[in-house]
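These are the structures in question, set out in turn.
Two complexes are shown next, each including chain A; its partner changes from chain B in the first to chain C in the second.
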Partner chain A sequence: MSEPVATNQTILVVGGGISGMTAALEAAECGKQVILVEKSPSVGGRVSQLYKYFPKMCFPTCGLEINLRRLKANRNIRLLTMAEVTRLEGEPGDYTATVRIRPRYVNENCTACGACAEAVEAEFDDEFHFGLKKRKGAYLPFTMAYPQRYVLDPRILGTEDAERAKAACKYGAIDLDMQEQTVELKVGAVVWATGWKPYDAARIQPYGYDRFKNVITSVELERIMDPNGPTGGRLVRPSDGKEAKNIAFIQCAGSRDRNHLKHCSRICCMASLKQATYLREKFGDEGKATIYYIDIRAIDRIEDFYARVKADPNVSFIKSKVASITEDRATGDVILHGVDTEGYHRYSNRHDLCVLAIGMEPSVPADQFPTELVVDENGFIQRDPANGAIFAAGCSEDALDVNRAVQSGTAAALKAIQVVNRVAGTEG
Partner chain B sequence: MSDVKIGAYICKGCGLGERLDTAALAKIAEREGKAALAKEHDFLCSEQGVAMIREDIEKEGLNRIVIAACSRRAKTEAFGFDGDGVAVSRANLREGVIWARPDTEEARETTQEMAEDYVRMACAEVRHMTPPKPNPEAQTHRRILVVGGGVSGMTAALEAAKAGYEVTLVEKTGALGGMAARLHRRVPDHAPYADPQETGVEQMIREVEESPKIEVVLNARITRTSGAPGRFSADITTESGQTRTENFGAIVQASGFIPYDASKLPELGYGKTPDVVTQLELEELVRKADGGPIKRPSDGKEVRSVFFVQCAGQRSDKEGHLPYCSGFCCTASIKQAMYFRDQNPDIDTTILYTDLRTPGYLEDFYRSGQRKGVIFTKGVASEVRPADGGGAVVRFKDLILDEEVEAEADLVVLATGMIPNSGVDIEKPERREGQSDEDYQKALEEAKARMGLNPGEESVLNLQYRQGPDLPKLRYGFADSHFICFPYETRRTGIYTAGPVRRPMDIAQAIEDATGAALKAIQALENAGKGRAAHPRVGDLSYPSFRRDGCTQCKRCTVECPFGAIDEDEERYPVFNESRCRRCGTCMGACPVRVISFENYSVDTVGQQIKAVDIPDEFSEKPRILVLACENDAYPALDMAAQNGIHYSPFVRVVPVRCLGSVNTIWVTDALNSGYDGVILMGCQKGENYQCHFVKGSEMAHYRMGKIGDSLEQLQLEVERVQTYEVAITDIERAPRLINEMEQLIEKIGMSPFKF
Partner chain C sequence: MSDLNAQMLERYRNNFLEEVEANVEEGEWVKMCMQCGVCSGSCPLGPYWEHPPQEIFMMIRAGKRDEVLKSESMWMCTSCYNCIVRCPRGLPITHIMHGLAHYAERLGLAPKQNPTRRFALMFWDNIAKYGRVNEALLSLKLYFMDGFSTGIKRALEMAPVGLGLFKAKRFNPMALIAHKGCKGKKDLQKILAKAREIELAKAAKFGG
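Entry: the complex of A and B
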């Protein structure tokens, strides 16, 4: 990999999810030089793992295609994948970022022909599908992955599989001697867009995510719905592959809870409303969704969508924080226990599958930032002058939906541009 | 076109060499495609391969390049010669041919024919392409016009100024500050999110006034706006009637909101007693109290109990109510309850809500409210009536206790919502001659959904555009983007809305929104100055031109342009405002006399590809199916289908189009006339939740194709031979199936009789 040239007029964007990509593209399309650093082998982030977006029920990959086109066409952006910022020092207009680049073991010669994957035998859990599926030890992270270049799982190094992959490649793209690299970059401003991760569902002990196969998270359900996903898009439950026609959705799973995440994760209500429509999509009148909620937060114009889902007689709402889940061992069904606070009725409701509307927490814990940043109690980066020219975008700043994350990324790009313009002396 | 010199490069990598007779492909490029040279290469995207092409460009003077290798979506860095002033066409032999076909002996012949046609098509396309050059007339004014002096407008002005741009900020009232200036405090945006915080509006006003880059014009309106990004011209008229005209590069419209008129809520007691107030009126009471006890309006008694009714006239399908949630009111009521509790913890404050909406960190603020003793009751108010001796009685259904309850309070606060101030309805239905009552009623209902309670009486921008004086509205009067991934996507290039005119929002969001809008304005004017297109075809240098002597002034292009980019001159010829144009080609598709074209995308670049395909005779059992596929969704879907090993008919020839809206019906009729057996159009979802990134393109294509039946009848062809589908990028299984179904259909109804 050629060492990227960077100056004090360069903007460093950390994170290649939708917020980071947006910040990078918007700045580059203003004519600025941008370096985009992404930890994983390809850009796209969490939205690329979603089946559909609420409330339009459109496909995230459609927007990703546009963003990839923008990225491919723009010569102002240099993309570093499998790269992480390990140190960030300096002041506005003059930062030095140390970036560690992990070896991909596949160089630019790769044509994505797939011969290496065919040759390799070892299989591992597929991260893109949250381990619900296996992938080869040489792999393209997902169909639309960009850069469109394979990756060797480091676990096959030193095995015969590595040699097989090398032998299968006609283009000299497999480089088993590739080493980790560290580069130092001079940049003027930084957009920090490291995004979110799903809260660890196993920690919500009474819901038995780690004990019951048919308790899954909302992000896993998105993978199950994907025609390219682990079930080929069939809405079935993990225990026995039976069609999941009666699904419970538990809101605020890990959110709005002193024992877990204190904040509201904003997207989960809408995500469950969206997922409730999947049942009708797959099973028509036979599909039934029950949403256990505290407040339905369908904010602003999205209220329309809530009204539409509510009008479906097969979607019911129970105002209740579910107390516990048990499993019927004979059938694999899950039974939700609790009290419906509207009228205080006890319930024990049986469902085929339970989906936890899992909360979002910042991907990078505050103590792991490569520099000191002002964060709130929940780990979200504050807008604070003490952060200098490091501007948070997207879910590193607040729990946001896609629309707001893009807005945030766009705003952060301007903040960064202000700094590099000042450096360039174009101001006044 | 004497100066056209084509170089064709056939890649043998990724199995192409094994599966195809590449030497034959090279020969076809030379003989039929009239390429000056044609070369095969084992690994074309390698450094050596690319260097070879570059050397040929330089030494041989090539100006048109055909890359017969992988999809145009792959290896874009290697084959990015566009910047070198040459036109490039990609023949998709990998995803489009060998991956889409089984590797069997019987498939070999038809697979080879597929590849040969794609080489012919690429040569034909590139011959008719001209490398686009930036418009020499491109220019830009770097000053930005911001309309509206509230928090959103001031933020946009300040942020643009900080980036080095000059701004004119026009405010219709006599002071900056907008609605936020009427607030006592605002909801916090900083940890620990426990207490109301200073609004910051005064400081913001000071910063605006002190900024040397911002000029503020008060008591003024925009009475005329014309032009395009980079060269807008606006008339700013002050109350005294003086008008000045100025040029701007881009516009941010932060025209804010109108508070909902609470007098429409007599059932909630508004107007029946002065002790029922709106949230905004409460702010005034608190400001009037000036730190002292807050007094109720009826008799000046100190307020000892307050009842907040959430969603007053909101989230309701009743006539005259707002169907949406205004988003800010839950936290505003918590903040207002704190005004009382912070002053005197003995004051009872109750918030009656159905869903309390405090997203993200605002949950902490909600928790702080609970800690401060604010009572939250889940219920729905049915009536508020004056109480004897002042105050009011609220009757509501307590949803937790499941019973009807009454509560008396000194003061009742209605959380009423916001209505966007977005100007007039430019799509206002006018009764057309011969229109049925039913159709007219339907149009009126659509207008109602579009405008909501927005009175739409006065224009904000007074655009001198063919398609009307204001921005198109999305729903309920909000001038918002329709796209989840692209919130700043505007249907009037170079004009960006910010703040509550776009979507209901609070101050924190408005500040972020306006910052983003300022970036988009800067981007629009910078790109306009370079002759480059705005989103989504960013950087595209081509722009439409038309042949005046062929134009019949039919106005279809000016009416159908999804972005209102085309005006009409005095003689009613179209005026293409390049920097307003988004390069989708909908005008090109609309033109019945085919006089509109782009340098690198025209009726010819596609038409010649269609003609270049070899059509076997009627008895060959080799039909030909033309697919015109949206390059953003259907085309990638087919690529990815092949990538995943899904095979489809070898008789199909796929042409990617910028948007289905750019499809001119001549392509379809020409194809049928020249012996194609079927034509499939694949575009994005249309209708209310449209996914077409050029708004109306897919819809227009469906509409136009709906009328192609006549032409088919004239040709005595079955109407089923032309199909138009909505295809999503995820349709990797369905898109190939649609193609195979066409093949089966042709088998059933027979080959076209038009083979020559």
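Entry: the complex of A and C
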């Protein structure tokens, strides 16, 4: 790979999710030079892992596709995948970023024909599907991946599988000698958009995520709904493959809790309301959703979505933070225990499946940024002059939904453009 | 201000919450409860409470002074701390329950026949007198709490345990006759009397 050329007028965007892509595209479409760095083998981020997104209930295949087309068409963006920023030094208008690029072992000749995946035997947990499914040692990260190019899992290197993959490729795309590279980039401004990760559900001990098969997280449910997902899009529960027609949703699983994440993750209420509609989509009148909540925070413009879901007689709401979950070993059903706030009734309710509306925490822990950044107590990057020309976008800045993440990405791009314009002014 | 306004203001003025904040241990936390209900659901004795903790917090905020202070509910708390561990807002619920029970007792509103209350008083009298618990006397009093015949029955039931403790030198029946207690018992009693005086003066401000 040739070393990307960059100057003090270049904008570095870290993270190729919806916020980073937006920031990169907005800046590039204004004529600025942009380098987009993404850690995984494909751009798309968390949005690509959704089945549908609220409030319009469209598929990411559509919304993301628009951005991918813009990305492919734009000559001002250089995309580095499997790359991480390991060091970032300097000041506004003059930063040096050290980027480590992991080897993909597949070069530009790849046509994504899939012959290598067929030849390889080793299987690993599929990260894209949160390990609910296996993938081969040579794989395409997901159907819509961009670049549309296969990846070799480094764990098959040095095994017969690596040779089998190489032999199967008709285009000479597999290069087993590819090495890790480290490059230094000069940039004028940085947009930091490393996004979020789901909170570790196993740490919410009373809910038994690590003990009961039929307790899953909201992000896992998105994968189960995906036609290309672990169940082929059938809404079934993990323990026995039975159709999950009676689903409990637990809100604030990890959020608004001093024992876990202090902040409100903001998307989870809407996510559960959205997922409640999946039941009607799959089972019609037979699907029943029960949402256990402290209070529903369907923010401003999407309140009407809440009203619509609430009007569905098959969706019920119980005002109570569930105290604990037990499992009926004979059937695999989950039983939720607690006391509701509207009348203080003690309940033990049986459900086919329990979905934890899991909270969102910043992907990068506060002490692991490659440079010093001002973050709040929850690890989100602040708008602080001390951060110089490093601007947070999307969920690096706050817990945001897709719509707000895009706005945040655009805002960060505008701030970065101002910095490089100033540089251009002084450099003539 | 119109009469109606003044009436409404009076209606919504919450003296009881202020009273709890001033007099109950950790009472200033009551307003922090967000009514999620995880405490009530997590309480191992929960089904036996007339009003679970979450409801008690709401009753305090609704100014239901008599219902709360005369309730048996907070006397049910066994200090297992499950609620404190799980409370998303970190309320010291166990301490508040004990604080409420204590405050109700101080005002003479606590249910007289509640067994937890009776045992607590026995324990208190014992330790306040000696500065150190006289275990032999305390257990004897506990057995005979409900009359002579049940006392004999309970004492006989527990006799093997007592014998075992005696053999292991964990129990000294001589304490029934001569329990030393701590040094400076008189001073301790003075301190306790003064503390009670201060507490009652504080409570008196709220018409306690």
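Here is the rule we go by: the second predicted complex is superposed on the first by the 425 of 428 C-alpha atoms of A that agree within 3 Å, B and C clash if a C-alpha of one lies under 4 Å from a C-alpha of the other, contacts with A are read in each partner's own complex, and residues count from 1 in each chain.
Definition applied: a contact is a pair of C-beta atoms (placed from the backbone, for glycine too) under 8 Å apart; a residue touches a chain by one contact, two chains touch by 3 or more.
All figures in this text were calculated on a predicted structure; none of them were measured in a lab.
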| item | value |
| --- | --- |
| Partners on chain A (chain B, chain C) - clash or fit | clash |
| Touching partner for A:324 - first (chain B), second (chain C), both, neither | second |
| Contacts of A:417 with chain B and chain C, given as first, second, both or neither | first |
| Chain B versus chain C as contact partner of A:341, first or second or both or neither | both |
| Which of chain B and chain C A:132 touches, first, second, both or neither | neither |
| Between chain B and chain C, more extensive residue contact with chain A | B |
| Partner chain in contact with A:366 - chain B first, chain C second, else both or neither | neither |
| Which of chain B and chain C A:256 touches, first, second, both or neither | both |
| Touching partner for A:168 - first (chain B), second (chain C), both, neither | neither |
| Which of chain B and chain C A:176 touches, first, second, both or neither | neither |
| Those residues of chain A which chain B touches in one complex and chain C touches in the other | 256, 319, 341, 344 |
| Interface residues, chain C side, partner chain A - complex | 34-38, 40-42, 46-47, 51-52, 54-55, 85-90 |
| Residues of chain B defined as touching chain A within the complex | 13-15, 43, 45-46, 70, 74-77, 83, 159, 162-164, 189-193, 212-213, 315, 317, 323-327, 353, 355-364, 367, 378, 399-400, 402, 475-476, 478, 480, 482-488, 503-505, 509, 512-513, 515-516, 518-520, 522-523, 526-527, 535-536, 538-539, 632-633, 636, 640, 643-644, 684-685, 689, 691, 693, 728-730, 732-733 |
| Residue ranges of chain A in contact with chain B within the complex | 18, 26, 29-31, 53, 56-67, 69-70, 72-75, 109, 111-113, 143-144, 148, 170-171, 226-228, 255-256, 262-266, 295-304, 307, 319, 341-344, 376-378, 380, 382-384, 398-400, 402-404, 406-408, 410-411, 413-415, 417-418, 421-422, 426-428 |
| Complex contact set, residues of chain A against chain C | 206, 252, 256-259, 294, 319-324, 337-341, 344, 346 |
